[in-house]
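Every chain is named by a letter (A, B and C) in the order it is written, and numbering of its residues begins at 1.
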Amino acid sequence: MASPAVVEPLSRPVTSSAIRSFLGSVPTVDEVAVSERVAYLATRSIKHASKATALDLAIRMVDLTTLEGMDTPGKVRQLATKAIRPDPTDTTIPSVAAVCVYPTMVPHAVAVVAGSGVHVAAVATYFPSGQAPLEVRLADARAATAAGADEIDMVIDRGAFLAGDHLKVFEDIVAVRESIGSAHLKVILETGELATLDNVRRASMLAMAAGADFIKTSTGKVAPAATRDVTLVMFEAIRDFHDLTGRVVGMKPAGGIRAAKDAIRYLVLLRETLGVDWLTPDRFRFGASSLLNDLLRQVRWLREGRYQSDHHFTKD
Amino acid sequence: MSRLEVRKTHKLFIGGEFPRSESGRVLAATDADGVVLARVARASRKDLRDAVESARAAQPGWAGRTAYNRGQVLYRVAEMVEDRRSTFVRLLAADGRGAADLEGEVDAAVDRIVWYAGWADKFAQVVGNVNPVAGPYFNLSTPEPTGVVGVVAPEVPPLLGLVSTLAPVIVPGNTAVVVASGRWPLTAVAFTEALATADLPGGVVNVLTGGADELVPFLASHLGVDGLDLTGADRSLVPDAARAAAGNVKRLLVDPPDDWWTAQSPYRILAFSEIKTVWHPKGT
Amino acid sequence: MSDPIPALPTVDWSYAPSVESTAIVAIPAEQGLWIDGSMVESRSGTTSTTINPATEEPLGVVAEAGEEDVDLAVKAARSAHDSVWADLPGRERAKYLFRIARLLQERAREFAILETLDGGKPIREARDFDLPAAAAHFFYYGGWADKLEYAFPGIEPRPLGVAGQVIPWNFPMLMLAWKVAPALATGNTVVLKPAETTPLTALEFARLTAEAGLPDGVFNVVTGAGATGAALVAHPGVDKVAFTGSTAVGKRIQESIAGTRKRVTLELGGKAAHVVFDDAPLDQAVEGVVNGIFFNQGHVCCAGSRLLLQESIHDAFVAKLKDRLDLLRVGDPLDKNTDIGAINSAEQLERIRRLVAEGESEGGERWQPACDLPERGFWFPPTLFLGVAQSHRIAQEEVFGPVLSVMTFRTPAEAVEKANNTPYGLSAGVWTTKGSRILWMADRLQAGVVWANTYNQFDPASPFGGYKESGFGREGGRHGLLPYLGGVA
């Protein structure tokens, strides 16, 4: 599947008609068939050693998240501590991939995780709505990287997308990409607002062509957030983009994934669409908070053979 | 010493739950000799308003289920009524009829529910069809449910009449607000208990016991109700109700059948269905 | 890009076996025939052993019914029809069928495991498709039993009498339901001959009908092979013959009943065209094509075995198809994660091998994903033949196995011409986003079932059956009642 050199799908400067043509070449999506494929793969029975592998992998893929108006340095420091050591009673439980916070909270996260291998991702560009002038959104992103975030989760302009101004959506992403230096860029599509799977597929291709390192489903502030249906479509877009350009783009579903069982279903979908090469936190993350404890619960169930209670897992 | 039995409290059935009337009123349910058997809730116009809201909220989900699923749920209603046979026989006996009649009514009611259950995934095959229009177009007519339907259940037969008016309404995906028999309301309450254990989603059927003369005018004039079955209503209530129904062009069924014992027809389903016709060209 | 997380080796995440337990299934060591409401010893004295095609282990001994046995079964069915069934009010017949449906739902897991053991299909399929669909069929037709006067205006519905039904091994319970449900609903009685390699679920079903209280003789089972089927079809006491199987046998049956008053429906073979246009939703089309030919190991009469690709998308599509085939899991049918199970018999495996060898010798380019196939049992990997032409035998003959022939076309008219260029006419698939093209193609495809932007969809409410040498008569839907009613022709 990999090609030796990376090919740019759209030559710069990009024009509106080039984008129209590029998006026109994206295949349509049949949502009933997607839903059936997702339902089929949900019947995979993941047991014993393969379940243990999946749980370990899922923990290492979590972007442990808090994005509330009421977040404080104390809250974020405690979250970051849990991110490094999810289970104080079990040192075999690995750290998660990253913590995900608002830009103002970045320094507090950095203070705890620096040197641990856990990344600091910041949502930026006037998250979650993105409804602010470009300069404001870029300033937001720069502030986050200046504070020490090494990953930026930006939001696309859904209004522009739905109104057909795909060039604007593209140029916004390019501008953010350029403003964040070497930080890794996740582009949030807000699939719940894009509504159709055709839009999700097109927005995915657009975001990747504009330089996304990861495409992400949702802000988690709009329902529906992540679903396995949109995830499958985004995986297929990533596959096509890789075939076209040779570039690897990762994927992150975020919001609404609370159960370990559900997380494992996402991993099945990943494995049976993109293959084992994508089973790494470099290419797949879960944007989640309560999921982590359910993963820990399932690890203990496998080990002890008895069902667990919330009391035995720290909230943070 | 004989054992003291625990007496049932009879309440309304709205949104899948059993609330008392917001008015706090009750009505005595008596037998043929006037002996009080129990009290039922006496629904008010506000209860009716709440019932309509419940029915409206439940309608898209019920219509969105597969026809097969609706048929399965209705079949389970039949299972639950059959299972409560002795309860129904006991309640129906209040009007003084003989045992054979009572068992016969329960038999007929269960069989009628099963009959309508079997229509759910066939009705469209009988009333829908492709239309051979004179042009290169695919043209298809299919039935869709009307929406929220008000049902005035006949006073008698208390169980069979209720089933005969209610079942055809919900088969295609309508939801219902039922004004139960005022003279023999205990059967209707027992029926709601069967509904509540039949996997029927809350709000699909809502049943109000109380005075039809008080409730029917509000049901008939309610702009959020799309259809109205008056076939079981006292004839004196019909003219005003029919006039009020015109306020939002409600679909109406008015004339009672000759005999409730034989009153089953897919055309009762059609009475609360809309026909949608779709065109699409055929070409490369 | 930021510093990557310290590189961990790629996780080789292979699924641990998740094998369904067979503890709830009890197969009698030896069984007879189900006649007149009970299990009886066959008069023929001949038996055969049915095996698990995934392991070649014997499962149990069953009888091979002879002419005398068939005669007894037909007489029992006749007597039950005349004395009990035909005159029973429709609403009572309906309730028997609803009971049967409910019992099938209750015992679905048990039947699914038995189906997988005897036939080789993945448990996931038997559990999630075969059994629920069979129960749904009984529910659907149960509901028609007391509504026949609405089904066909202008006729007085009446049963034909005794139906002799012969079913294949690819969907034993589902084929049983497709035959038995409409027959009983319309007031006929049944003598069923299940396929010789898959008799077990039919016999268990017979016991289930007794649990439902079905009157004796209404439903009878005579197990056996071709000779038993021929005896049943030829029996003068049979009023209606229903057969699903190969076109070759179907023709023999039609010949044998010629000149008699027997009514017949035939559901025979197919070589369906699966047409994919350049504007198809591509990834879903790949999925649909894969499902169309590899579902149930390709043992499907309506399998989309000829892929007609619009030439402009051929290379991209075939590349996706190959990647997708690499992910198919072939193996133990009892493992819940298996996608493709065992080939049903040694005989069928030999047939597939022979046709594939012929395909190669004709010049077709064979491609198969790497597959770890078990030592024992009957297995064949999913197979593509590329560069196929209509004149290749592999494009004309029904393989009834996991083998897909790939051809190209340029225009819609050419796709239609190639799709119809076969004596078969059971089904066809069309993938395109353009609605008008779907309808234009559907009008012109000579197939009894056209699937657009999907494939292998079945529903008891949807009529199924073929054009041309794929047979005649419909199963499913309102039209599925017609073959069992008198006064309609």
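Heads up, the rule we're going with is that contacts are C-beta pairs under 8 Å (C-beta built on N, C-alpha and C of every residue); 3 or more make two chains touch, one makes a residue touch a chain.
Given the structure is predicted, the values throughout are model-derived calculations rather than measurements.
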Using the stated contact rule, I'd like to know whether B-C or A-C comes out ahead in C-beta pair count. A-C
Any idea which chain sits dead centre by C-alpha averages? C
Greatest centre-to-centre gap (Cα means) from subunit B is with chain A
Separation of the C-alpha centres, subunit A versus subunit B, in whole Å, is 49
Indicate the whole-number Å distance between the mean C-alpha point of subunit B and the mean C-alpha point of subunit C. 41
From the mean C-alpha coordinate of subunit A to that of subunit C, what's the distance rounded to whole Å? 43
Could you list which residues of subunit A touch at least two other chains? none
Among the residues of subunit B, which are close enough to touch at least two other chains? none
Multi-chain contacts in subunit C, i.e. residues touching at least two other chains, fall at none
List the residues on subunit C that touch subunit A in their complex, please. 1-8, 10-18, 124, 128, 279-284, 287-288, 319, 323, 327, 336-337, 433, 453-454
What residues of subunit B sit close enough to touch subunit C in their complex? 67-68, 71-72, 75, 111, 114-115, 117-122, 125-126, 138, 266, 280-284
Which of the residues in subunit A end up touching subunit C in this complex? 1, 27-30, 32-34, 36-37, 43-51, 53-54, 57, 60, 97, 117, 119, 150-151, 182-184, 213, 236, 243, 267, 271-272, 276-277, 279-282
Write out the stretch or stretches of subunit C touching subunit B in their complex. 91, 94-95, 98, 136, 139-140, 142-147, 150-151, 411-413, 435-437, 439-440, 443, 460-461, 477-478
